[in-house]
């Protein structure tokens, strides 16, 4: 039964791996003709910040995707479509990352940050849709050894996540640095293990 | 027996995953020196449209490839060659996508749309060749538990698809928006599950 | 025992899949400001030719890699190093492809074609080194069910390949089109199935 | 039990494969308008050097990652986070590679080489963190058939590696060529098989 979702996971892993690796292409390489290297490297701080946040975000999305598919053991057509919608969000990330890197510290940085965090909000929606589909009574794509505690935990986290990323995008209107800090805090929140995971890590 | 096609599927998954993720590189990043960000983002509507259509198209091709290889269980040399031909089509998609994005709304948009939809027509041909090879009485690469209903369904869909994508390319001569809408309709048509798939989703 | 080479194959599949998909990025996208689209597309014939030849070459290398690893069932340190050397060649291919595309039909096309075919000659050397290591009496990385007929066939083909690709690079000095045709002929030669493969395709 | 780390390995393989293949995109393609091809190709020696060193480095990191996961058989949350940190280092490599290629032989080459080798030093730290986490008595993520000899060997090598890469970055202050040679020597050191690996290559 595990094999039913195997190729979906393999394809998704590929997309996550490529999206996370492409991020580096967005950082422009300094040129000898454009002044001292030290100054050029230092001026690229917006690129470094957006690179690290986006890398963390995609990495944590991958960990979460992995977690969901520990529970999802069966596949149907809807699951493929919702998963594809989620991947649409994932592959889009390098673009708002570049936009943020280009405009951070510039007059238009507010809109860039809203665009950036807005993308994350949409991805949070797609994660929720995928999860709702998998756990809907009609489809019920879980394995027979379902861990209801872990599932309740995911339910809780995803509901929080949706609101939190919406706040993040709105927050950018008042303060771009605050919204980026909030974003990092959210990444840490989703990176934290589920409670009880240590006693059951064979299930990871 | 399943392992016979395993590496072909893994390689194909990789190619699909990369092609679908590379699409985002084709959207040019706005620059602070080129005016207000809002206007720059808004002007890129042709890029967004072609990004979403191409993403959907490659995603649905992947779902269809997945479906075919639920039935194809054995491999031979011809299958590898036909699969490679199909992947040639898949990897080519980012190029006509960029051409369409660059020329949509410009005088040459008609030719760009014909080139774009023409690529899809060729991919439809390659899908048909692969399928014909797999089901030919001489090769018969199916597993022993072949589902003749599902195979008849694929036969029907692929015959329709060939004609429909040809129409799509011809339609671009009269109206580019109509051909793109037709393209989206086709993607939805191929995204729809086969009839009877719900009762047999273990087979997905 | 099959699992011993599993991760080498997975990593190599990834590299082949990416290298073959990156080729498309080398074709420059026409711009509305640079004249009629039809003329721009037509002028890119050198890019199309080198794209198709390189795609076929990488595709056929993948099929050959796949074939070798049907026989190679055990792994050791040397195999990893030789495989990495081969992948160095594979990942390099997009670069001489771009060089050829840029200079085909230009005064320097001869050097570009020698550089292009020379890359293939080095890859042929790396394939031979990998194969020699795997079949050396000391290492003998084959499975117990070794097919000596198929192995003799590979021996023959690889010896021919080495000479043939050397000729291909030398031929470019007299005639670039002749060397490219010769290149295509070689690809077909390596794409042809081994004799007897039809009767034993379960082994593919 | 092997399946516990399977998806981590698959995702990491994808990231390694993409990072190693993207390196080629950093070598600029000569243009017919920029002078004779031979001179343009010859002038790119810094790109070739950094390409080969980076390729070797990522390749050897992959071999080492592979080796670690021969011993690591169980997964927990910390392992995923440390592995992600390591992948952050791996995906970053193409950037300092490009910087080195752009500045080698230019006045700022010293800083470029420090930046380049400094990246490797950080990756060595991340490798050590991952390894320490896996072998910590509290977590102990090894399989039951743990090979204490091989583990002691890895301990030794990784302690040496940390110091050696730090030296490498410092060395660049006095002599860039010396630091690059030292870098190559280190790659060879890590490429060398563990002692006793030949008698136990089934374990590879």
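For reference, chains read A, B, C and D in written order, and residue numbers begin at 1 within each chain.
Throughout what follows, a residue touches a chain if its C-beta (ideal position, glycine included) is under 8 Å from a C-beta of that chain, and two chains touch if they have at least 3 such contacts.
Predicted model, so just to flag it, every value in this text is computed and none were measured.
K.L.:
State the chain with the largest centre-to-centre distance from chain B, centres being mean CA positions.
P.N.:
D
K.L.:
On C-alpha atoms alone, could you tell me the rotation angle mapping chain B onto chain C? Nearest 5 degrees is fine.
P.N.:
90
K.L.:
Tell me whether chain A and chain D, two copies of the same sequence, contact each other through the same residue numbers or different ones, using over half shared as the line for same.
P.N.:
Different: when the shared numbers are divided by all numbers used, the fraction is under half.
K.L.:
Any idea how many Å lie between the Cα centroids of chain A and chain B?
P.N.:
So the centroids are 26 Å from each other.
K.L.:
Taking each chain's centre as the mean position of its Cα atoms, how many Å separate chain B from chain D?
P.N.:
Centre-to-centre distance between chain B and chain D: 36 Å.
K.L.:
Among the residues of chain A, which are close enough to touch at least two other chains?
P.N.:
10, 14, 17-18, 22, 25 - these are the residues of chain A that touch more than one other chain.
K.L.:
For the complex, which residues does chain D have touching chain C?
P.N.:
9-10, 13-14, 16-18, 20-25, 27, 29-32, 36-38, 41, 52, 55, 59, 62-63, 66, 191, 193, 197-198, 201-202, 204
K.L.:
What residues on chain A touch chain B, complex-wise?
P.N.:
Its residues touching chain B are 1, 4, 7, 10-11, 14-15, 17-19, 22, 25-26, 74-77, 80-81, 84, 87-88, 91-92, 94-95, 98-99, 102-103, 106-108, 111-112, 115.
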